[in-house]
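Next come two complexes, and both contain chain A; in the first it sits with chain B, in the second with chain C.
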Partner chain A sequence: MTGQAFFNEMYESGRVRGPYRQLEDWMGDMPAELRSLKQAEAEELFRRIGITFAVYGEGGDPERLMPFDMFPRVFAQDEWRRLERGVIQRAKALNAFLADVYARGEIVRAGLVPRDLVYRNEAYEAAMVGFTPPRGVFSHIVGVDLVRTGPDEFFVLEDNCRTPSGVSYMLENREIMMRLFPGLFRENRIAPVDSYSEELRRTLASVAPPKCERDPTIVILTPGAYNSAYYEHSFLADLMGVELVEGQDLFVEGEYVWMRTTEGPQRVDVIYRRIDDAFIDPLCFRPDSMLGVPGLMDVYRSGGVTICSAPGAGVADDKAIYCFVPEMVRFYLGEEPILQNVPTWQCGTAEDLKYVLAHLPELVVKEVHGSGGYGMLVGPKATREQVESFRVRIEESPGNYIAQPTLSLSTCPTFVDEGVAPRHVDLRPYCLVGERVTLVPGGLTRVAMKEGSLVVNSSQGGGVKDTWVLSE
Partner chain B sequence: MLSRTATNLFWLARYMERAETAARLMAVGERMSLIPSTCGSGYRSEWVPLLQANGSFAMFEAKYRDPVQRNVESFMFFDRDNPGSVASCVSAARENARIVRTALTSQVWDALNTAYQELMALERTERSGLPLTRLTDWTLRNCALVRGAIDATQLRNDGHDFMNIGYYLERADNTARLVDVKYYVLLPRVDFVGSGLDNYQWTTLLRALSAHRAFHWAYGGEVTAAKIAHFLILNRQSPRSLLTSVQGACDHLDRLARRYGRTTRAQTQARAMLAGLAELSIDEVFDDGLHEFLTRFIGDISDLGGAVFDTYLSGDLR
Partner chain C sequence: MILTIAHDTVYRYDQPMRGVVQSQRLTPARFDGQRVIDWVVEVRGDDGAQIVQGGGFRDGAGDWVQGCTVVGPVREVVVSVRGMVETTNLSGVLRGHRERIRPEVYLTCTPATAADSGLRDLAQDATVGIGGALDRAHALAGAIRKAIVYRPGVTEAHTTAAEALALGEGVCQDHANAMVGAAISLGMPARYVSGYLQATEDGAPHEAAHAWAEVWVPDLGWVGFDASNGVCPDDHYVRQGSGRDAREAAPIRGIARGPGREEMDVKVAVEVAQQ
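Entry: the complex of A and B
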């Protein structure tokens, strides 16, 4: 691992790459005092606006700030065009897959995806079989996690088809950067991202249920103020001008869903839910759920309301299904995939398992159903004991694990205590799928703030950056 | 508007008003403790009647026993176990605001959030550096900032009405309780009535309500118990009088009725209360017994709060 060259997005063989040209002077002209002043200003803004994520059960102030790095991450227009096409292609294929596996399952019949991986998957919802949601869309917001290893080499790390979070950071990071460094935005032609909320509202309105014969009433369904992403829920509701509801605010009567208002019941047509499948409807899923709405699924299936994303959409973003997404692109769209998958070994198959166990110290091993950077082994960074304990866990239930080569994640200049230094980054753009499939030019760049670290998750000390797409 | 959102706005306002009253009560207590022999033989301390009027004496005694100023400060300002302490109220107001962040302007949120951040800083400050006046001044200033931000920036929509109904109901209740302190203070020694000490206590009450000068502008001449009671109960100019508070709640309930196109039990009850107060003279109040009158009033306000809950906040309206 040591001595391995990482693709530096700003410098290539000692020269500044095109998209970052304007930033070299900006960085050079910034004295340390100004920098710490701006950093403090940014933190003050985040704190005052209330952009925090909540961490409970660790003691201390539960409201934490996401570390914000002021050095932007920049894409040139042509780089972005390719990413955009690739992400949209992937979002279409994933939705086609979902529509298929809850209908005739052609891709399974064709022998391209193993039957058990789909139908015995925990995320597969029997309640959705035979039901087609409005416009056939299951996953309305697809977050595709990407990493870069070279000028033209992008890999998809994973897909998020349920309720990907973090888009509020994409929007707020931009707001904060524009307040801190207005000059940068005058000198560079940076594509705006603030149309996202309007696009999201349009997307949700476009999938109104069949029984809705008027301008649809949209709501966001949140687990409540103690959820770690509550700020994002309320932020999006505010930007779209829709109500932010909890399960207790909704009830089912007749063939519709209603919300309790000060003027009596008001009908709800589209629910952008930010709660997990299991909690949506205690009559259909977990009976002990206090977060959901009893009877919601019946109304959904009879066309009285639309749930975004559809229950069961998670079967498409499962880490075991991930390997088959390139096949999906070919099968449903008849196109070659624009974005590549990271080569992946399925520990569930004997051949792959043998390879993985023999090469553990050089691989990244992930739990199939894990998320947030937990339950993950980064071989080259792990101690011998960690590797051995993972070996035991993999041998116990090989089907629970996949392995990938340790990628040489690209780096982007980042402000650190000593000045500016390269740190590893990834990217999550948010693709909207409704009547149209759209992608705002930008996304969430997460950065591993620790030197050498490849883990960018906020739960593991990762930070965020503003992400620029330069216009022509 | 979502009933839950209305509930959060209503309670946000009530908690801020309640925090303000806690601070004003502390100010009354401190001033009363500066004059000798206020407390008659029946009390161990001048702070006891104040806690009794506030309805929290039993809770205080169980935890602190000794009613000395430092304990009362801990209890009424810092104690999170006391739901009526300034710290509890400001935190609860801010939590309600956080939940309905989107129904508030950024100025209102900023005022509440800043108050909360400052409160946490106060909690970390050495107590010897925090004289009581600093605690009360801090509270009054922050309550005024929030109130001012609401008045200056919030849309005049139903959310604004629910916040104001919360403020006025809480204020009506709290002013009644503050006036009632007089009853508890004087209880042991009926012969104090009408004495110089009696008037001094009434004046203290005025000062605590930041209404000392306003009172003189409104009445002039000698300070008498009847004038002060009139000022705090029946005067329409007085911003904290019971009549003004009920009038305010009534106005905002009427706005809701017009906005929603229907009148409910809440309006009927509020109008009945208002009519009753408007016809009352201060002599009648004293003839009935001030304490009895106030006790009845506090009960009526609580019923009105119940009616507001049943009609608008419970989400059961059909």
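Entry: the complex of A and C
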């Protein structure tokens, strides 16, 4: 998996691969002036709709636009079918794991997942033990980060079981591509993604609490306009036709949660929360939190409201638990995993630590609880000083780090200053788990805009692309 | 022994508040050491306040949790508990208690219980050469009783275990927090327990609202240790709820909405109805 032979999703041995056939002419026919015109138009559209991604810790403009690359990333129908089955399988296994570790913990009793990794995990919520959320679902939106290394080789980089963001880019990228290049959508049969918001609404409605005997009222709970994903919160609320609320807009009275409206209090049944566990309810979690709703957890646990995702869902997606997901698939579903994990070394174990420290320049090292590409070392791209300073950090608290081989991420043609050139990409599809488990044909493709870069995170200069699934 | 309990918590606000939300753990635990004969929790407000009972449920720790809201304007809330419990001396062992949280979960500290070097050293020194979780826990309780002298009024609700130890004085909350932190520092799961104590002899009446710690002892399960009195809970004790620290195990967690300042007054009386 190491080495420099990257899989190019468009060209294989000098020939265009099937799904990209139509795009070759499109690309070839586009004069440079038209391209810059379209690029400017795209930027204008993004700016007008206001979709930005705040970047932490980098200074500069926190509201800067995410670079949008107009060259689509394309999957053939059969390629997608396999991915879809793999992602759905994974989302089911992760939910089964969550339901298990907050109940009898069979997988721990069976000795398949270490006890301490679960019960001493920072993300494990004692308040969830013994409680079964509606339909037994803990993580209603599972974002699975995938990379491709060959025609049939996909690896899962990480799972996101809490409240994965970025789906608004999937929807907006498509919207903008359709406006810029309507012809492309006539010539190609591209599966639509705009059913996502309706699927999300249906998923949330399907997990209405036991005490709700009517068409459930759904809200999205946001930490507020200063949150980096606020745009997405309001965007999804708009699309679903539900209220976007902050903690202060909700209150607990008796057995229910209520929303203040101009027509008086309205009962709320399902809360799609985009705030972290610690802030949900100051009576149960952090007492100093002003973002949540006092008493919410008691209403939830007595069946008066549903919180999506369930508090404590994060115990399934940390980078140490990740290693055991294939085992979960076998244990709970009795199936072989369709998607592979990246081989991972746990720096917390002596043997792995020794290996990692001896091979740092060739490995990718991540913080167990980190995200967004912060606190990450990409060995082959790092300077000697960076490697050495990371070595010190790992030695200080080995349990905080995992390491993986540097993957040969596939490339996709991307518009760059010099024309079109291959750039590395990953993929985050969004799996919805409620009464049914569904996956909209598409996802967020992130692209490392810098030549040779393997880091696709938006916080590290990554851009986005429209992701196509061709229908037969 | 049959104990009667009267427990009133009065909240007063200097300005009318819009509302109050509470999460209550005010019901005696169900285990072989105690049987509820009669138990009533009543919430009252002043004129104009409306009490709305919330949902109730048994949580993973086996405690009955009851939500309660008061719709304002409200200047005073009284939570009044009256009950009668038959207790049996099980020498601190929490036998027959149904709960679902794994003991390993109680190996995680909170800021209130986290051991600093002082508490870690105390735990190490107290247990040097002592094998067996039960004996080690006894030794710990003894050491904490010595290191934190009982003295009301020097610590407050937010005092941490480490702070109380540095101060060398405190009340039952400090003893329990310290016991939890010390036990965890030795790798023994431990938790904070709130309840009532029928004070023997000339026992201090304010300690009738009491707190102690439970330590997980393989083969026995959870065992209570009252470092304040140097004993394991017997039939003079009534156990209510547990948590990782005083805040989590508090009989009432609440928040009032509004501009006013809160004053709280707790009165507890535990008496022997029958030996």
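Here is the rule we use: the second predicted complex is superposed on the first by the 460 of 472 C-alpha atoms of A that agree within 3 Å, B and C clash if a C-alpha of one lies under 4 Å from a C-alpha of the other, contacts with A are read in each partner's own complex, and residues count from 1 in each chain.
We adopt the following convention: a contact is a pair of C-beta atoms (placed from the backbone, for glycine too) under 8 Å apart; a residue touches a chain by one contact, two chains touch by 3 or more.
Keep in mind it's a predicted model, so treat the numbers as computed, not measured.
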Fit or clash between chain C and chain B when superposed on chain A: fit
Chain B versus chain C as contact partner of A:444, first or second or both or neither: neither
Of chain C and chain B, partner touching more chain A residues: C
First, second, both or neither for A:234, with chain B first and chain C second: first
Which of chain B and chain C A:368 touches, first, second, both or neither: neither
First (chain B), second (chain C), both or neither touched by A:200: neither
First, second, both or neither for A:432, with chain B first and chain C second: neither
Partner chain(s) touched by A:144 [first = chain B, second = chain C, both, neither]: neither
Smallest separation in angstrom, by C-alpha atoms, between chain B and chain C in the superposition: 9
Parts of chain B lying in touch with chain A, wherever the complex brings them together: 1-6, 95, 98-99, 101-102, 106, 109-110, 113-114, 117, 158, 162, 256, 260, 312-313, 315-318
Residues of chain A that touch chain C when the two form their complex: 102-103, 105, 115-116, 119-120, 124, 126-131, 251-255, 282-284, 287, 294-295, 297-299, 301-304
Chain C residues touching chain A - in the complex, by the definition given at the top: 19, 21-23, 52-61, 65-67, 69, 71, 100-102, 104-105, 107-108, 244, 247, 253-255, 257
List of chain A residues in touch with chain B within their complex: 47-50, 225, 231, 234-235, 237-238, 243-246, 248-249, 259-265
